[in-house]
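See the structures that follow.
Heads up, the next two complexes both have subunit A, just with different partners, subunit B and then subunit C.
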Partner chain A sequence: MTGSLTNPDVAGPAPDTGAPVLSVRDLRVSFPSEAGRVDAVRGVDFDLYPGRTLGIVGESGSGKSVTSMAVMGLLPDYAAVSGSVTLGGRELLGLDDEAMSGVRGRDMAMIFQDPLSSLTPIFTVGGQIVEALQVHQDVAQDAAWKRAVELLDLVGIPRAAARARSFPHEFSGGMRQRVVIAMAIANDPRVIVADEPTTALDVTVQAQVLDVLRLARAETGAALIMITHDLGVVAGTADDVMVMYAGRPVETAPVDELFARPRMPYTIGLLGAVPRVDARQRTPLVPIVGNPPLLINQPPGCPFDPRCPVSLPECGEHEPALLTVAADRPDTPFTGGDPAAPHRAACIRAPEIRDGLIDGGPVYPTPELPVSPAAAIPRERRAAVLELSGLSKTFPLLKGSLFKRRVGSVHAVTEVDLDIREGETVGLVGESGCGKTTTLLEIMNLRPPERGTITVAGVDVATLRGRGEERELRRRLQMVFQDPMGALDPRLTVFDILAEPLRALGGSDGVVIGARVSELMELVGLDPEHTDRFPTAFSGGQRQRIGIARALATSPSLVVLDEPVSALDVSIQAGVINLLDELKAKLGLSYLFVAHDLSVVRHIADRVAVMYLGRIVEIGAVDEVFDDPRHPYTQALLSAIPVPDPAVERSRRRVILSGDLPSPTDDATGCRFVSRCPLHQTLDETQRARCTDEVPALTGSGGSDQHGSDQLNACHFR
Partner chain B sequence: MAAEIPGPTMRGPILPGTDLGLDGPRPDDPAGSTTPARRHLTRRRLYLRRFLRNRGAVVGLVVLGLLVLFALFGSLFTPFDYTDVDFTALTAPPSPEHLFGTNGTGNDTFAQAVHGLQRSLIIAVTVSLLTTTIAAVVGAAAAYLGGRVEKLTLGFIHFLLVVPSFLILALVSQKAGGDWRVLIVVLTVFGWMLSARVVWSLSTSLREREFVQAARFMGVRPFQVVLRHLVPNIGSLLIVSFTLGVVATVMAETGLSFVGFGVQLPDVSLGTMLSDGANTIYSAPWLFYFPAGLLTLLTVSMALIGDGLRDALDPTSRSGGRVSARRAARDLESGGMA
Partner chain C sequence: MLRYLVRKCTGWLLMIVAATNLTYFLANAFLDPRANYLQLRPPRSPEQISRSLAQYNLSPDTPLLERWWSWVTGIVLRWDWGASPIGDSVNDQISFRILVSAQLVIGALILTTAIGIGLAVYTASRQYRFADRFHQGLSIITLNIPIVVAGLAVVLLAILLNQSLGTTLLFVAGAQSPGVTGFWPLLVDRVQHLVLPTIALVITGYAGTHLLQRALLLDNINSDFVRMARAKGLTRRQAIRRHGLRTSLIPVATSIAFAIPALFTGAVLTETIFAWEGMGRYFIQTISKNDVHGAVAVAAFGALMTAIGAILADVAVVALDPRVRVS
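== the complex of A and B ==
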């Protein structure tokens, strides 16, 4: 599967205009809870036609997963489900578990988010597919096994016959998800429900799995329900899209229509809040203020009303129905998909919204993005706040139970050179296991590294003497963590959390600390009155703001951000990103931004360094690298990112990498990317030998620094 | 983001479970933002308030308070000292003169119970407090510091665990002539290892948490990280271990006294009284039931207090949330009158 291939036909087989295979009418689900009844799904209608893909998009808590569980009959007994779900004319709601078991896996199959927990660890993958087959069909063991191997081969498991005898833990995440897909299509289901199938996977693997999913759907002719929070994934896979908010669909339309002409303010907000990997100019993201409602004792009126920038007094009176909206321009022919799936929106102002504009202006006020004063000074003239040179870190590979002996080393980070100047954001990107977190921890430890040097704010950490000097340097270097909950001690109030760095780094004057804490809360947009609450009382986005406030407490010059927005919903994420941008300009901060989401990095970073297996393979100004990637790995990585625009998604050429990230255990000579490199395949014998024998240096284009650009890559032939 | 939706349905991209355990108004939701401005509440105050909401815990606290008062001032209600011998009343049942009766040698059981409770309380609470503190600090520090410190500490704990401590306890306290202070030291020295081992294993998972890492990267001193971040987060375990420790110490002391190695005559503890009373449970039941009743009150009140403390200290505790919701509703109703 190595090499470039264009996107397979997204539309799939022509829609069968006949009967829908699955119809859902007025589906409602509620759960009892301590605080009252939670109305998780409040009236969902849709028809699913054979061979079509319906994308259900929404933030966490919007009811998209509960909808799919209700359709599959997987909700617990205490959930109250009403409405109707018919599969090919047969009513599914009200069937008992035994009858549902006959439907699940045969007519409807489900693909879960976490491929690790959806496979039983103690049986071989082949055995599990055989079981799936034999539960629903009367097939002999031999025939079932043969079919299992065929299925594994179909979903792209190499050496399927041998791998069928392997256990789930012997597969990587992407491979496991392929196995789950193979199981799902084993009985030629009519409907496949995929609940966030690629969220737990790396981008390059996600691209592979989405391809397999398309293939699987084409192979079985089944209809697919694709549940995701990622608008890019929807744009690339779905035919029709349903946007959910507070347990209800608020907009449904064919994919092109929805992305080109959204009519509901929430959809417009979601689209505006997503950073795009292909957007060159730096426009601020548009966050949606506030948080999704709690779904308990909902007041009347549109649930989006409190967050809506264009709400009218009437919006609070009753909840708008999902109504068909006319085409934007009545004079031009309606082109947005087939009439069977009209564009519907639940907003009383939908007719006024055209091309994403209302009354000729944008629905969302665009926030002002302050420009850092440091940006005016050329990069070379600014002082470096962080310099890494030749940084290396290995972990011993131990064997033996009583007496451990070292049998090898994991080369987590190898000879990394990086510098960050004042007022600059450097993005460090790569897939999981590429060494970005190790690099970050090496910096934060402030200990002399195994090899190489770390210089923070002009001080070589190897020269630090004593705790006092170390603490002085810590003042300049702070960190924001990925998990906004885990990074805040649940036993401390917000006040104590924010005061901790102040107290730790000297300064115990209560009045000064109190004033500083209030100042910090205001700086990150939180109410200083709330400092006596515990972190559990705050939402995810607010917790992350507290984390940022804590990092800023000592007025550092460099903030290390470890995936600071990856745990947040899209609409909340935009607000945090804007806050980071604003703080950087206001306080003259420098960021080291570690992320796997390249769209976010493109949006926030000035420079980007791409890591692969512990080495930096490409580094340069963010626009240069993203618009003109040189290293084959960077090219593959960038092409794998889904763009929230169906037109772009269809026309893009993808470089699909084969296989997974190998483990960097032995320090192989030569380029570490060789095993997956698409370029390597096209080279002649002598050039290939160079790839495997000689470690490529980080140099400019063509192997030498010829033009003034500082975009460097580590490939012999680029 | 309804907090109470049961687990499996909340599968989503966004860290499942981060919002579970929400027990207060969200500062951002429209309803919550109407909370009037409050002045900064200290953590202790907050804990106290939550503790006082738990009725059982308050009862436990009152009972314990009465027991302490009884131990301190009970001697004022009887003219006898616990060593006095009344030859006119040997093994006499309870009477106005001897409220709890007397034993075979004519000692006033009431005076003995007052003194015995005092002894047992001091021994049990001191030992339990000491062992829990040592266990918490040693266990958490070993886990946080890691490396050689961790290995040595664990080795030492394991060594102490395999030593037949009861035998050593018996020998040492015998040699010291049944002095209760020596008993405290000996019980402490051999009592902290098991909970230290449990604290250590809990702390090893805690030390990987991001907030511990965050504290380290902020330059907080190691000892302070242990005290501020590790120990409070295993607070519920420590409190359970403290209350159980009180009960266990009373048991250990009783056991030692029963075999004759614990508190020695003329000193009296609930343990010695129980073992004496057990011999005459049919002929003179008051000798057993009065100390047994005091012991039961002591352990039950400790358990209730422990429960209340755990809920008060645990911000995610469910019962705490329920109580506070009910209370909020009540406050709302009475708000009009105030």
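== the complex of A and C ==
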């Protein structure tokens, strides 16, 4: 399967010669803007050694992507770039486009974030790889095509010779990212820059692509710059880490050192704000208050000062330099023993911070974990706010230009049973295309479904008569959307946005509505004085709070949350998750929480349902499912999630699924997971036949030792 | 591909037949050829008028369906599109005028497209620099110049040029001079006549293509795949040309193909200013002179041009975008 990537010049990974392959010194980038000069990157230094991976971590606007684009020479002309970027001793800054194009693709290759848009739609993937080869090498068309097929085979494209003639739209996102990687390694580059290479992908596909990236790096011996906001990805891939904030590195260290002994309050905050999929104990997340600075007319002093919980008056005077910090304990050997990669932090209090603690106490005040009063009552005795029974939804597949005829069906949701009790959060998880959103939309529709029943707050939606009854039920059921920018009408003030649901339900008393709006603003932690502002005046996290306030306006009993935090940066995300936790406890809400980020689900949900191709394959209490997943799909899904801990990442065994999510068009008999199932491979002939012929029912594990467990899974053999 | 084209052509043929017949009935309802005879001195009696019209199949005394039937059979059997109320053959007029219009329009169309797209590539790669802003401003100005103003200005300048040269280098009226014979002299003469109207049409026409193509190209220049092409090692210019331009040409090609029918019958003012006897003027003349058969023939020609434009657009899309599988 694995093709050879032999090039006479390069045989295997280059030995560590001790000299950095890429050196960046005092890199500064600024852009003109209407509000003034934006200093996007303000002095970045790093050395990249052959064969090593440097992870650059930061939130949006921290300058990590701009740094990589500056190194590649891909910034627009109006960007002012200064400093020095040397590749193998050759200065790259100041080279013109023509000279740079000789370096790009040959010595330095880049992988972009969005695989769906980074391939030219009108050329075949093979042709695009051939182009990459022929730009730099004098190879004939036939030889180049043969090599392109080899490369596609190497990155794991099945039937590479045939698929090379396909166009990008015929590939899935993960497959397209493999093509981009093949293109990046086509000329055996010395440096590969990967800018959020897996952010747009599902976790199981992310695990595959990270594997391919590791393979590609091993084959070429290139040094890798891994830019990401995901601390888990960094922990699993990087050797050294650079944390960026407001256009500057604020902490650099070898990966183990950084995760074990962060010295800069921002790094500590980032680590504390990420929910962990392997967290047994439920501890509240620690949000970083405030928002990142705008990088226009920066005041003097540390840019993190306004958000820092341990800031001193001196912090506002000078921006601290990035200095080497002494090892935490003099008696233990310095873990970052590589003198080329010392632990450096830009904080005047770094010497006081040891093991992530300052003066023996936590850097960030730990918020209290609110406990829902409903949690005291056993689940079975609580009333159900939502019950789905046998819910199914199909979409017709039509063909023909003038007269559409039905040629098949997409089985988006098939026989889903789910119930949510009072004061409970149920997480619905699965990869894109698994039917999560369709399930939500079917619930929000408040119409009798195609098959099955939907019961909201004890009322079967099929029995609703007239708009009045529907509106009454609608009051009990509200929704929060994924994109906080798109979900709020930009031409309504926040007051109007929050008053709209109240008016829609018949409220007309201006004083009552005004009081309720103020109450809602306070409830979600916003200043009631700001209700006359438009949504654009708020940051992403604040907008999502407004979206939550709008959902709460009608005092619902169930709030449906569709990926409510996936568009937010981690430090902001933690605040919104804590808010949801708090509201649940305070108002006795139930949540149906749809997310693809399983760490968030583990943190917030009480129960979790895992969906695959329209069916629930496993359901149960969140800790049981996460600690002891039974269904092979759940096992694969959980093992694919990167954990922000390099030691754990190294020791974990991954179940990597092959292939992509198949399309749910034909309702094949048997288990829908069978084409990708790792367990199926190990079974004997008769057992396999059962997998392909019989639809597995959602049943409890036979002879469960945990009494009272209602963990169910849909696998014949688990 | 061939089957696809045959199917497309059949569809358009049916469309042309339907549109032409519909126009025939509409023209008969709104145009009254008798009016042409009312002005004649000595005045004719209605019987005389009807008799004169009857020989051209235009008499209102003959039932409409009967007239229609002889009109249709005339076209189908003899390719005879009828005659005007005063007896001029429509066939003669049209065949001569199509050639005149084609001379005027095709040259202008090619130049407009080439200049528009070329300028778009040039300015889009220099977004917000002086050249871009200058050409954008210029295009917005020329886009708003009425063809009459442009035409007269060109005429005025040409007259000045001719005067200063002391000889007629560029003719300001007509499609050709009478009495010129021989291939080369005729060609030179034609070009001398063609230059000015073409310049007028190009001045007022290129800006639309330029601005549309520039906007589409800019979308693509800043796209991920052009950046990816640069990251592969293509220079900025190569990446724009190979990856950005071709993708953004598709909608422009479609819009140009569909502009062809409008150009053929819509160049009325240009034809009037430069005294060219083209299709545009003929269209106006037929309507004002109650020439039912002439107007219907122009409509049929317009429908044919639309069909050709649409098929050209399809062909352009298939040629530019290999993803489109013809089936």
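We take it that the second predicted complex is superposed on the first by the 694 of 718 C-alpha atoms of A that agree within 3 Å, B and C clash if a C-alpha of one lies under 4 Å from a C-alpha of the other, contacts with A are read in each partner's own complex, and residues count from 1 in each chain.
Simple rule for what comes next: a residue touches a chain if its C-beta (ideal position, glycine included) is under 8 Å from a C-beta of that chain, and two chains touch if they have at least 3 such contacts.
Quantities reported herein were computed from a predicted structural model and do not represent experimental measurements.
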{"item": "Clash or fit, subunit B versus subunit C on superposed subunit A", "value": "fit"}
{"item": "Contacts of A:322 with subunit B and subunit C, given as first, second, both or neither", "value": "neither"}
{"item": "Partner chain in contact with A:131 - subunit B first, subunit C second, else both or neither", "value": "second"}
{"item": "Contacts of A:118 with subunit B and subunit C, given as first, second, both or neither", "value": "second"}
{"item": "Partner chain in contact with A:180 - subunit B first, subunit C second, else both or neither", "value": "second"}
{"item": "Chain touching more of subunit A, residue-wise (subunit B, subunit C)", "value": "B"}
{"item": "Subunit B versus subunit C as contact partner of A:619, first or second or both or neither", "value": "neither"}
{"item": "Partner chain in contact with A:85 - subunit B first, subunit C second, else both or neither", "value": "neither"}
{"item": "Touching partner for A:102 - first (subunit B), second (subunit C), both, neither", "value": "second"}
{"item": "Spatial angle subunit C-subunit A-subunit B, Cα centroids [nearest 10 degrees]", "value": "40"}
{"item": "Minimum distance between Cα atoms of subunit B and subunit C in the superposition (Å)", "value": "6"}
{"item": "Overlap of the subunit B and subunit C footprints on subunit A, listed as residue numbers", "value": "74, 78, 112, 114"}
{"item": "Contact set on subunit A toward subunit C in their complex", "value": "72, 74, 78, 97-98, 101-106, 109-110, 112, 114, 117-124, 128, 131-132, 135-136, 167, 169, 180, 183, 187"}
{"item": "Subunit B to subunit A touching residues, read off their complex", "value": "1-6, 8-15, 18-19, 21-30, 33, 37-38, 40-41, 43, 46, 209-211, 213-215, 217-221, 224, 228-229, 232-233, 235, 313, 315-316, 318, 321-322, 325"}
{"item": "Residues of subunit C that touch subunit A when the two form their complex", "value": "128, 223-238, 242-243, 246-247, 320-323"}
{"item": "Residues on subunit A engaged by subunit B in the complex (per definition of touch)", "value": "31, 33-35, 38, 40, 59-61, 65-66, 69, 74-76, 78-79, 112-114, 195-196, 199, 228-230, 290-296, 306, 444, 467, 470-471, 474-475, 477-479, 481-493, 495-496, 500-501, 504-505, 514, 526-527, 529-534, 536-540, 542, 550, 554, 567-569"}
